[in-house]
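What follows is a short report on a single structure.
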Amino acid sequence: MNEVEWWRLKAGELNALAARNAVVILPVGSTEQHGPHLPTQVDALLAGEVAHRAARRAAQRTPVVVAPTVWSGLAEHHLSLGGTLSLDLATFHALLRCLVRSILKDGFRRVLLLNGHGGNIAALTAIVNDFAIEFDAPIATTSYWLLAADAFGKILERQANVRHACEAETSMLLALAPDLVDMARAQGAVGPTGRELKDAVGTEAAVRYRSFKSRTSHGAIGDPRAATAEKGERLLDAAAEAVAKLVATEEFWTLPA
Amino acid sequence: MNEVEWWRLKAGELNALAARNAVVILPVGSTEQHGPHLPTQVDALLAGEVAHRAARRAAQRTPVVVAPTVWSGLAEHHLSLGGTLSLDLATFHALLRCLVRSILKDGFRRVLLLNGHGGNIAALTAIVNDFAIEFDAPIATTSYWLLAADAFGKILERQANVRHACEAETSMLLALAPDLVDMARAQGAVGPTGRELKDAVGTEAAVRYRSFKSRTSHGAIGDPRAATAEKGERLLDAAAEAVAKLVATEEFWTLPA
Amino acid sequence: MNEVEWWRLKAGELNALAARNAVVILPVGSTEQHGPHLPTQVDALLAGEVAHRAARRAAQRTPVVVAPTVWSGLAEHHLSLGGTLSLDLATFHALLRCLVRSILKDGFRRVLLLNGHGGNIAALTAIVNDFAIEFDAPIATTSYWLLAADAFGKILERQANVRHACEAETSMLLALAPDLVDMARAQGAVGPTGRELKDAVGTEAAVRYRSFKSRTSHGAIGDPRAATAEKGERLLDAAAEAVAKLVATEEFWTLPA
Amino acid sequence: MNEVEWWRLKAGELNALAARNAVVILPVGSTEQHGPHLPTQVDALLAGEVAHRAARRAAQRTPVVVAPTVWSGLAEHHLSLGGTLSLDLATFHALLRCLVRSILKDGFRRVLLLNGHGGNIAALTAIVNDFAIEFDAPIATTSYWLLAADAFGKILERQANVRHACEAETSMLLALAPDLVDMARAQGAVGPTGRELKDAVGTEAAVRYRSFKSRTSHGAIGDPRAATAEKGERLLDAAAEAVAKLVATEEFWTLPA
Amino acid sequence: MNEVEWWRLKAGELNALAARNAVVILPVGSTEQHGPHLPTQVDALLAGEVAHRAARRAAQRTPVVVAPTVWSGLAEHHLSLGGTLSLDLATFHALLRCLVRSILKDGFRRVLLLNGHGGNIAALTAIVNDFAIEFDAPIATTSYWLLAADAFGKILERQANVRHACEAETSMLLALAPDLVDMARAQGAVGPTGRELKDAVGTEAAVRYRSFKSRTSHGAIGDPRAATAEKGERLLDAAAEAVAKLVATEEFWTLPA
Amino acid sequence: MNEVEWWRLKAGELNALAARNAVVILPVGSTEQHGPHLPTQVDALLAGEVAHRAARRAAQRTPVVVAPTVWSGLAEHHLSLGGTLSLDLATFHALLRCLVRSILKDGFRRVLLLNGHGGNIAALTAIVNDFAIEFDAPIATTSYWLLAADAFGKILERQANVRHACEAETSMLLALAPDLVDMARAQGAVGPTGRELKDAVGTEAAVRYRSFKSRTSHGAIGDPRAATAEKGERLLDAAAEAVAKLVATEEFWTLPA
């Protein structure tokens, strides 16, 4: 099976992929507190894993390569709970701009910023649109759990979709790296433990900054108690399948900009 | 009835409102092509009108003032159709930062960036979170048609919610400034006229920059033919009611950050 | 008579104006404390009104359109008196750059930044020169009361030209929006009430930042007691005439850069 | 007589001056084409010379020190004639900000940016006002020939005040560094040789970027033929006297900001 | 043995390390072409590996944790050979600033930016000094092969120290990830194959940008033919020992700034 | 002998030099505390003097011109001792970028940033590489005492090369401007007087910000007691010779980038 990881490939192999107009998946995650039972790099790990699985699937239909994972995003709201590395918006923008510019200079044209962190969604949407001012190439973004929302909803028992350090993320970690999960500590990490904005105003359409510390005493939101490795495996595969399908959809890349 | 418009108030009156901890609504819109039948400043006009109506309603429950409307946002995707004024992301960010900083220096603490332009949603979400790094105050944002989504869905006949130069926007303009609407030209402005990304990939969770020019030959998306001034009046009132309720919800502003 | 306001025009109409090489007037004002008797948006209101009147006059000689008014400028010196919205220099620069860039992308080439706020004069001069590094088009600026200085001097009784919340501004507001003027409060809003830098050093050639709060207890500089609507009307017309003449002077735009 | 040049002083001597609350004069000039008969650094040389003479005079009344001359400013309009070094506005701003910040960190509080280049006037005015947002200290600016306008008008024969590579500048160079002046070449350098904006519109209140190349074939504006070293000496002394008086006027520095 | 990798740790564990004043090692590498025989992420892999080994050794003497590896640095000079991801200087600066700021907010105080890429050395030196303006904490940097220069010189046969895709890097990769090395292709990758600046001017003290493409036809500089896994193991251990010693030297962190 | 100083030349003369593809030497120094016996502008003075002497020598082999000296660099580490003017890294970068851009616009292509300040070395190396992204021209940098290291080592008695306010700098100042040197105060300025990082960790490969104030009570590092004007003259000539040779080496400028 062919290698799909940029970091493992040699320059000549990447140049060959560029010549074949391969799609570049750039996973974007975060390193931040993930409750008492999960390690800090969950969002980056999962974005990278979904990208890897998706690339393996898509590679049969279209050339594809996975760039290294951007492991730091917008996580200011986690900083007061410790263990968190966060970028400000301008730096996140500049970092992705340099990476995309490099990818284009390397001869690729199609780039998917595959997001694994809720705090990045809005910024990535704004940023890929801003790139259109500068770059003449299709630069796209998606968040894997939103792309696979239907499948995720069917797999999860206590949540509709991914939250933070929750049934979904814990399950996927149990599938991917069980030694990094402390299920004993997951038992009490059910949240939110504080009052939520949504409850106060009845909608998620109103946005106001809130730290996780003010929302949950332990750092998790969701219910990790129902997590299992088997669910995690199914979630990862569903996400990979959705991303692979997107990557291999020619029209997604060729519809005029 | 008391004046709620910042631009009409004198400094002393604004200082008195600041002393009473009034909420400042900062409407944020856009000036951009709006199809063959609508003027370019629809999004800014409507954001300002909703803010004004909301402030009149909310003023009975909490002090509130409406700042002048930011009439330019992220509209790069409209530029190739002409008549459009657009900011890049960094400038949009800097502009709002200076305005919020001024509002806080003027003695206010609670600020709502009330959005009236689809292209601004993601950026505003990212930006208000970024402000949390710098400002120690509750800065919030919402888009009026998302906040009033339920009511809008019931009023509109051919769309679930607001699109661009559509049934909803045309209706509201007919209510607000009928002389600026050319319904004769609206008859053919039904769109999209080009193939849409969503149809290609079956979801809106995947984002890729696309100009309006590539999606619609006339600049509109939606169906303005069903627009009426009566619907427009109801939409404006529904939006105003939802925003007024949000503004007057103490807990929205006081939940710890 | 043809419409000259960008915000009221449809994209197609603006494209037609661009095709005719219309001059774009971009009014630039401020929103800031204006003494006890005037509303905060005087400078933006007057810049927009002069632009509108000028465009109506010039339109008979050359195609012209008035962009929406930039209602926030450099007003740090007013912030400590409240009611003020101010941009820093870099943001003011970036905002105008994005707007000018959009106007050029929309197909126009000739742009006049018509200033209505004393605090913006120096920055606008520096900024339009800086634009020459980037844009290959004639971008100009003027302040209406300086352009019409001779006429203004003849109309005003107690001042040589416009000051702040003074005979001139109060007169023009009385002509434009008398309901926003409180002449009862104008009676005491005379002059600087504190010692002025100019008196200390005998010249205005030496510049040092001074807040209005340190110069005047009430926020006004000048003598609004002599203001009348009739004077205001004459001032507005004189300003409009001067701007119209400038806009319609072909050589102003075509002299080589 | 005590040394007033920062660059010649030792750190301990500067610390002693800071302890005495000395005024720091920071000369700001330009390096740019100056017609066929003058060297490129006229504006920086003269700003430094005026600062030096002023400091010597003022030192008897108030402690004062002259920082090294910022020899590059906003000179984009000279670049197409060659020999020119120019900064863009943001860099000019950042450079002065760092220097002022350093001067304040060194223990001084009063700073005068003494300008010697017409292209810097507007930017310096905007910039010192912008510094007020960040620095809690009196930062001032003036242009020596405007401060000494009355005296200059009496000394000059063919001009009211300084222009570019003109009677005034040539005279001052003849006084300061006659070996750098080529009076033979000055004879034909009388300008402008092209049509001027002012003539087209009848006022200098309308500003539009124009390169010197488009205004004068030789790079000079004014009439250097009437220049003499004796006039130059008188001009330098008049400028120095005006600056010295300003520097030593306590009220200029102490009037509340 | 205790875990030292930030990404594998939970927030609570990191908070405990911060409370013990642990040193944070932030590895900084690059992703760039590495000749025909090595994968693109050599510099990031090795920086991370040295950091890991160093942390394990130092942990017996002082608490220490290894942040995730910054895998992109200044690699513009490799871009024309493909497979390269590069940041510009301002973005590299901003990225590291955000990460350091986060680490300090997380409660740590001592940070070592452990570099693994030649192109980053100068920038890191300038950047850590610049951080001193903003952060009141000991932020340090070193490049592992310079810190362990003596040991490296004794282990290597054909080079004095690390070059690019050379005996040293190839050896270390053979030790760390032999499946990523293609020694068959290493045989011809001996360089430089073009004329070097140093040969032209006889010194490395004169710096001028040169792309690797202009210096070597295959992308390597040095002689990878002499590489062995055994040497690589010794090199990695020598580097780890040197870094561990530095990290555990109390005086390095406590000498007054 | 022909003039080599940009500031003394007229635009036409510079244009002629540009037409001959002259090398532009841009000296970059610093203005900062230099111990009790030396003036603050040592680094700028010496960079300018070496540039001047080098240009005179090189001019016989290749056309060359010396731009004015950038007299402020990265000197944050000297600020707490007073008398220091420092730029932050971004401003230093922007300043040099504008100057290089101007030089290229003036028609020159070859630029040497000749450094005279230790604190600038790393930044200049990073910056000239960063310029390669933007400018298509050979922009180089060197520090004169590193370029002439061999010669300097032979001339100096108590140091291997230049330090700060030391035998070398004091000697060169004695040769260049003896009236600015106070040898009586040099007697005690032997340093460092505090403990050095290098002694703590045994290498200079580990970099951590340290102020000069924390390293030396008097501001000097090295031993100025051995300084003589004769040594200074030899040092200046050796530096000039090395720079002249570099400037005149065609291959240095023409090797492909």
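Should a chain be cited, it is by its letter among A, B, C, D, E and F, assigned in written order, with residues numbered from 1 in that chain.
Assume contacts are C-beta pairs under 8 Å (C-beta built on N, C-alpha and C of every residue); 3 or more make two chains touch, one makes a residue touch a chain.
From a predicted model like this one, the values you see are computed outputs, not experimental measurements.
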{"item": "Common touching chains of chain B and chain A", "value": "none"}
{"item": "Per Cα centroids, the chain farthest from chain B", "value": "F"}
{"item": "Distance between chain centroids, defined by C-alpha means - chain A, chain E (Å)", "value": "27"}
{"item": "CA centroid of chain A to CA centroid of chain C, Å", "value": "49"}
{"item": "Between chain D and chain A, distance of the C-alpha-averaged centres to the nearest whole Å", "value": "56"}
{"item": "Of all residues in chain D, the ones touching two or more other chains", "value": "88, 90"}
{"item": "Chains in cyclic order, anchored at chain A, direction fixed by chain B", "value": "A, B, C, D, F, E"}
{"item": "Chain C residues within the chain D interface of the complex", "value": "74, 76-77, 88-90, 93, 119, 121-133, 138-143, 146-147, 149, 194-195, 197, 200-201, 203, 205-211, 214, 245-246, 249, 251-252, 255-257"}
{"item": "Sites on chain F touched by chain D in the complex", "value": "6-15, 18, 31-41, 44-45, 67-68, 71-72, 79, 81-88, 90-91, 94-95, 97-99, 102-103, 105-107, 180, 182, 219"}
